[in-house]
Amino acid sequence: MKFPISIQTQVLIIGGGVTGTALARDLALRGIDCVLVEKEDINAGASGRNHGLLHSGARYVAGDRAAAMECRSEGEILKRVAAQTIQDTGGYFVAVQGDDERYIADFASHCSRSGITARAVDIGAARALEPALSERAIAVFEVADASIDPFRLSLESMAQARSLGARLMRRTGVVGFEREGRLIRAVRVRPPGGGDELRIEAAQVVNAAGAWAREVAQLAGTPIAMTYSKGTLLVTHTRLASRVVNRLRLPGNADIMMPGGTVSIVGTTSTRVDALDDVHPTAAEADLIVEEAARMLPALATMRYIRAYAGVRPLVGAPDAADGRAVSRGFALFDHEDQGLDNLATITGGKLTTCRLMAERVADLVCRRLGVSRPCITATTPLPVAPECGWTEPGRSPREWMRSHGPHDALLCECEMVPRSAVDTIYNALRAAGDTPTLTDLGLRSRVGKGACQGTFCAPRTVAHLYQRGDFQARRGLAEIVDFFGERWRGQRPVLWGEQLAQAELMEALHCGLFGEELRDEELQHAGMPDAPRAAPEPDPADGKPS
Amino acid sequence: MSPAFFQSTLYASLALCALGLLWRVSAWFRVHIGPDARDVTFSRRVAAVFGGAASALFSLRVLRVLGTFVLDALFLRRLFANAKLRWLGHLLIVAGFTLLLLMHALAAVVSAKLLPGYQPTLYPYLLLRNLFGAMVLAGVALLLFGRWRQRRGLPQVRRPMDAAFVTLLATVLVAGFLLEGHKIASPRAFYRMAEQFSGTSDPAELKPLRAFWAREFGVAFGDLGESIDSNAVEEGRARHADACASCHSKPASAFISYPLSRALAQVTGILDSGRADIWLLYLHVLACFLGLGLLPFTRFFHAVAAPVSLLANAAARNRTQSVTVRASRRALALDACVRCGICDQQCSVAPLARYLGNPGLLPSHKLIATGELASGRILQSGHENDALRAADGAFLCTDCGRCTNYCPAGLDLEDLWIAARGDFAAEGLPAPAQWVQARPALAWAESMEVALAQHGFSDPDALFAPLSADRRSFSRCVQCQTCTNVCPVVAQGMDTEHGVDLTPQKVMNLLRLGLRDLTLGSRMVWDCATCYQCQEHCPEGVRVADIMYELRALAVHRLGSVRGLREPS
Amino acid sequence: MTDEPPDRFDVAVIGAGMAGMAAALFAAERGLSCIQVGNGGGILFASGLLDLLGVQPTAERRLWRSPYEALAALALDEPGHPLARVEVPSIRAAFETMVTCLGAAGLRYAPLGDSNRSVLTAIGTIKTTYGVPLSMVAGVEALNVRPPCLLVDFRGLREFSARQIAATLGDRWPGLRHRRIEFPGCEALPELYAAHLARALEIGETRARTIERLKPLLEDAHAVGLPAVLGLARVGEVHAAFEAGLGVPVFEIPTMPTSVPGLRLLAALESAVSARGVIRRHQATVRALAFDRDEGAATLDLEGVPGGERVVARAVVLATGRFTGRGLTADRGQVRESLLGLPVRQPVSRESWHQSDFLASSGHAINRAGLETDGAWRPLDASGKPVWPRLFAVGSILAHQDWMRSKCGSGLAIATAWAALDQVARQLGGNGAG
Amino acid sequence: MKYALFLGCKIPSKLPAYEASTRVVLGHLGVTLVDLDFNCCGYPARNVSRDAFAVTAARNLALAERAGLDVLTPCACCFGTLRHAIRFISEDAELRSRVTQALAAEGLAWSGHAGVEHLLTVLARKVSVDALAAAVRTPSTGLRVAAQYGCHALRPSNVTRFDNPMAPTIFETLIRATGATPVDWPRRLDCCGDPLHEANAQLSGHMTRAKIADALKSGAEVLCTACPHCHLRFDAAQTGSSDPTIRTLLYTQLLGLALGLPAKSLGL
């Protein structure tokens, strides 16, 4: 039999969301060697499918004081150490006619009890500053909410971790654990493109797979109790307000409107789901959000929406697991020792705002187990800016492009004005790390395809550019475009009415009507060009100069 | 008044006047207006002018010049054509003053020589003097009335020096009439004359003459009883006939000063004891001399400059003239403007000036600003706003040429405005399209952010940019690039070394992204040919070109408020 | 002061996509006075290729050599399909008339035969179409034979990469080479736009310099393919000059919208209708459409015109298109006909409008939504009767078709416009023969 | 037929021939022209203030309305500007009230009545092409003429209502009426470059020269204009230029000659 290749490391991190990447950075900063395996891509799960709201904590003051206070302190820390990922927009809590008077009355005192400042604002003044607010508003409080870019946060955490020796393996899913007594000897993973399995031998294994933590724990034979809650959000065509606007009531549906750079993000919903695969937003959820959110911000009823997305919140604590060791009600850290494992830890639950703290807690556990005494310094060490990581921020690329565009820097994406130089930077960085980037990878790391046209024009332009660079060969571009639209389409479908429906029709007219992408193989047959033996991707004589 | 004093003050004021004239006239060859005039030297300009004058003198054009002098310079034909009332007032003043000057001020050298037996106190000279004075007064009244009537909301140029000069003028006239009025009624004057001509000043002895003068000449004797017996009067008439009649006609013909004297009769005693005759004389004469000396330094120098301009036009061989000549004509224009304001009324952008509240658009104001620009005054610190507004005004001119057509002084104002625009541009105050494009769009955006942080902007979107502020204006955009494809300006990017910085479609996208400030300073917005191809072709009905106009207007205000004097251009 | 009465016309065509332009053109050809309202948006997005019918049934992705056989199949599978309701001779006549008029307006097409043609697209796929402009027809031949060929693109024309096309077909077309050149005079520009290149190539000097840059790259090429930028108003002249200069057939490949062929088609159609006296109102929309109940005439109130405008027409042709054309609008609940609120045949709920797979072969249900008409192309009201005896609907607003999947966009527009105008002429007592 | 003649700023001082020929030709065709105390059409103000532009334009319209006349202008730019003002004022109630206020200060009012016509639309639609053709005495047969439409008359067509903006025919029809032969030239609908001259002389020059070259290439002997801006721009670009030049002619001159009017009276 064939012995699979083995990789050695001190710590294996499973899951490349905000927690996993923060953990990789934390460990790397403490001088610990680690490998991060991610079955898809950075922030592919809930980490990339949320508002991008840096909570002041006020949202939880009534229901969950501990979480509220965590949010407050963590929010302050991140504003210090990861300033580049944050827009300090400030936020309003707004109640409209018909909302619970009682909750409104107690709100301020609840906040002060959690040490959160909420300043009552005169409604007229508030509407002067945020004209989009409903005239049916009956109470407005100002809090220290801010917007944070989770992609930039994770990408830059991972970038620093890598610079300190950590290794990232994208599109590498865990397939099994090799246990020996109370220890996991190795974790078996499947590399990209489904090649032969690899073994990763690590002294410690951390399960930071977010919603997938249950499956991973299951594979390790240490089941944990978790439930899933699906949340859907909508992205508007233009930015509606300058501040975060929260509904002043007990957390419910569609009560946060988040200004994200040049757009606004509205949501969320919350529905129990049991399966994790094929979680996508539905028309019904979109309708629910529009109707509910329009009560705070009436313009949302007539707004053009460009897409929707859905994420799954991992909720810890099902009936049987009243877990005493949970560090907080916000998130859960399992050491699995009672389940007979001494080198596995699972960290899940929690929220974007507290990801650094979650990483710190699990890193402390891992260090204790490894006998490493170095303290956590992520609360005080600024997160370094990485050139390839800033492009997810809406509205940044236009400025960058206008500042630096030379005669050879064309825009590949017009809606979000993403220049070719940005795409090259991102692409080269991924290549430098031994990756073979896809169009979707570029989309995740930039605004390509995120604008009004949802890729109609920018996808072909970007692919043409990648062919020109010599990065794409043969029919790969077609496949990439098809995948890219597949991914984009799930997000567009629920919001296809009004102007965005016209936009989608244009997209279909171009990509089906003209390019006939749905017939890409049939047309070949039809034109008498059946599949020929694939010629080796020829080295290109043309335009040797990097274009 | 001692002749010595009179002489010395007269010569002093004459000297001052001469110097002033010299200084002002030399300015026509010194002052540079217009970039093209920069390198035309003083001597070349002098040479050109005298050369031109000479060539005119020794050609048939001399007739044209003479005609112009009579019709335009003397009888103000051009003014008559456009403003009858003002023409009349102007003529009254000029004629009245000239006649007073000849017949009264220069009596010793003119009247005395030309008119045998001339005596200022004889009929009809009393009458005429009053008449001429009255003409001047009437003229001034007419002009003031006309000026008040023509305002039509247009602000007018006002300068202290001019006001002072008008007051001086009034002083001369009023003092003159008062003096005359007082002398008619003054017993002191009577006694002085009696002494002089009948050798006695004894009231008893002069009783009859006094009676006669009191009755016939209105001398206001304080001590004369109510009843004057007619015998005394008759005796007085006889004595008058041989002693006084040769020099004195009845003053009743002085239709202004005689009634004045009646009015003063009550206070004559006081005035006499106060020697009013002396100080009124001083006032009258000194005011005249002061006026004479100051004349060249006031706008009334146009009395010299305007005719020169008109004659120069007549002397000119053809309408278009060499830079050398125009250089001097521009400087001359600054002096020759009579501030009649006809240009302002005719100005085709006058309504714009009213609505924008910027008189800098109006010719009369532009002329002043041009002068101050030439002297550099307007560019000194503290005047930044004047300078900016003046420049704004200068560049909104449409070169319609109406001001030139109507100018009574025959000034080529159009040429002056074009020259002035050149100077404004050279001083770093070019047309908006230039000063905006002197900085890259991003630089403007950043300086606006700073300004916005300090103080908001005073230009509500609803007023300046309703379309670009309303997301519905471009929320229909489907990114099809049609606007860019049909844009001739972007197309021209193909054969110029640097293309436009943004395309129309990128501008629309920046608006959609809420980054409007990034567009205001962009070359695309300011190089837009406004040909409306984009808007006409847009399949989604986005009003691209209308929005471009809006962005320019918004830029003029927002960038204008953060722009420094002298943008690098 | 002029307060004129509203102008009167035989026909008012609402919409200026392919169907609207065809309707106006055919109306004028039949000697009817005509006013046409709307922007040429739909045409700007066109590729210049005139599809008739390529795929049937779409679910099976079955491609057809002969559009007329495909039509026959369509008639069997989907008798309700608008194209299936037009007589084949009418379809032929309509296409012939259309290409003749376009040719007269300077946009010449290869003779229409009985069969579809395969052409290359800008992303390296192949498209089945029917009417092909002369400037592209050499590409059809090249694709059939696949001799050594050269594809050339211009640096800066972002959505067209010769290398991409060559790579995508490379293993099936070994002799397909690619090169990138600088467009003369644009060496310093980051972005080029097809229309500007097209206009630049109408200038002899630029054209000559471009040809000079191409010559050394020819080598063994039997034909040269370029992005569709060979002139805008002078395509024939420019194309001929390239073939003469290079000594081999030269063909254009249509680029992404807004493409030069789209602009050419728009220009040709506009001058065709304009030359035939059709009154055009661009950037204007019909705010209100009222029918005189005693069936005399319809009154159209236009907006977007200062002070508005009112015209009267004896017949009205609705060619307002679908969602991009704004003939149909959808809110979250349902699809509406924008102008008159006519009943729209549509799927029950938004959830069922679109498939979860963008390229799903069966196509999206909403694409088959649209207006129901009677045999005379008259839209029906809720009770199933014609809304007004002389209100007709043509083109993509009609129900029971998915032109994007069937590759029948132009066919649908041209054929239904022709058929509807037959009815109009009949109703107005004009010469229906045309 | 009676109109208030709106000459605008350029014609009287820079192109008197246009005023002369317009008066002579229209007089000859029985169109009465009335002169009112008009001011600038408002165009320059569009770059500065929407309101100032609207008020300035509205003042002219108010004057015409007071005289009970429609406006006829030979300037494409004034024509477009006045039509735009009508649109802005009619679509924006707040603007309308500000304009009304400003006009009232001068004792003026505009109810939206006075219409605005361009010289060519009056000739083609009011006088009618047939009437022109009938009046022609000395047709300029065989003269190949390129029609310069002028952007602001043509677009945006919904505002100007001049002709089909993509494929206009009115100018060619009018040229045919004079017996001359209109030539088809690709760039006939392009901008002449004049509006750009202040902002970017180089760019403007390119556009002007491109048009002249295209007209020549298309075999035109005469470049016929109906706008002072286009006309002056073409002349300016050709004076002292080494490139081949083309003769420019105002349409009123072309027509006047065909009507047999003395060249001198047409400013030729």
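Note that the chains take the letters A, B, C and D in the order they are written out, and that residue 1 is the start of every chain.
Keep in mind that, in the parts below, a contact is a pair of C-beta atoms (placed from the backbone, for glycine too) under 8 Å apart; a residue touches a chain by one contact, two chains touch by 3 or more.
Remember, it's a predicted structure, so these values are computed and weren't measured experimentally.
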Two chains sharing the most C-beta contacts: A-C
Distance from the mean Cα position of chain C to that of chain B, given in whole angstrom: 68
Centroid spacing, where centroids are CA-atom means, of chain A and chain B in whole angstrom: 73
Computed distance of Cα centres, chain D from chain B, in Å: 38
In chain B, residues with contacts to at least two other chains: 478, 480-481, 495, 535-536
Multi-partner residues of chain A (at least 2 other chains): 411, 457, 502, 506
Where chain C touches two or more other chains, by residue: 40, 45, 188-189, 191, 199, 257, 282-283, 304, 324
Listing of all chain pairs that touch each other, if any do: A-B, A-C, B-C, B-D, C-D
Residue ranges of chain B touching chain A (in the complex, touch as defined): 440-442, 471, 475-481, 501, 505-506, 509-510, 512-515, 518
Complex interface listing, chain B residues touching chain D: 153, 347-352, 355-356, 392, 396, 398-402, 404-405, 414, 431-434, 437, 462-464, 466, 488-489, 492, 495-496, 526-527, 529-533, 535-536, 543, 545, 549-550, 552-553, 556
Partner chain A, residues of chain C touching it in the complex: 45, 47, 55, 61-63, 118, 121-128, 143-144, 146, 155-156, 158-161, 163-164, 167-174, 178-180, 188-191, 254, 256-257, 322-324, 326, 329-332, 349-351, 353-354, 356-361, 364, 367, 403-405, 407, 409
For the chain A and chain B complex, residues of the former touching the latter: 237-239, 262, 304, 394-395, 398-399, 402-403, 411, 414-417, 451-453, 456-457, 499, 502-503, 506
Of chain C, residues touching chain D in the complex: 1-2, 40, 199, 202-204, 232-234, 266-267, 270-271, 273-275, 279-284, 304-307, 309
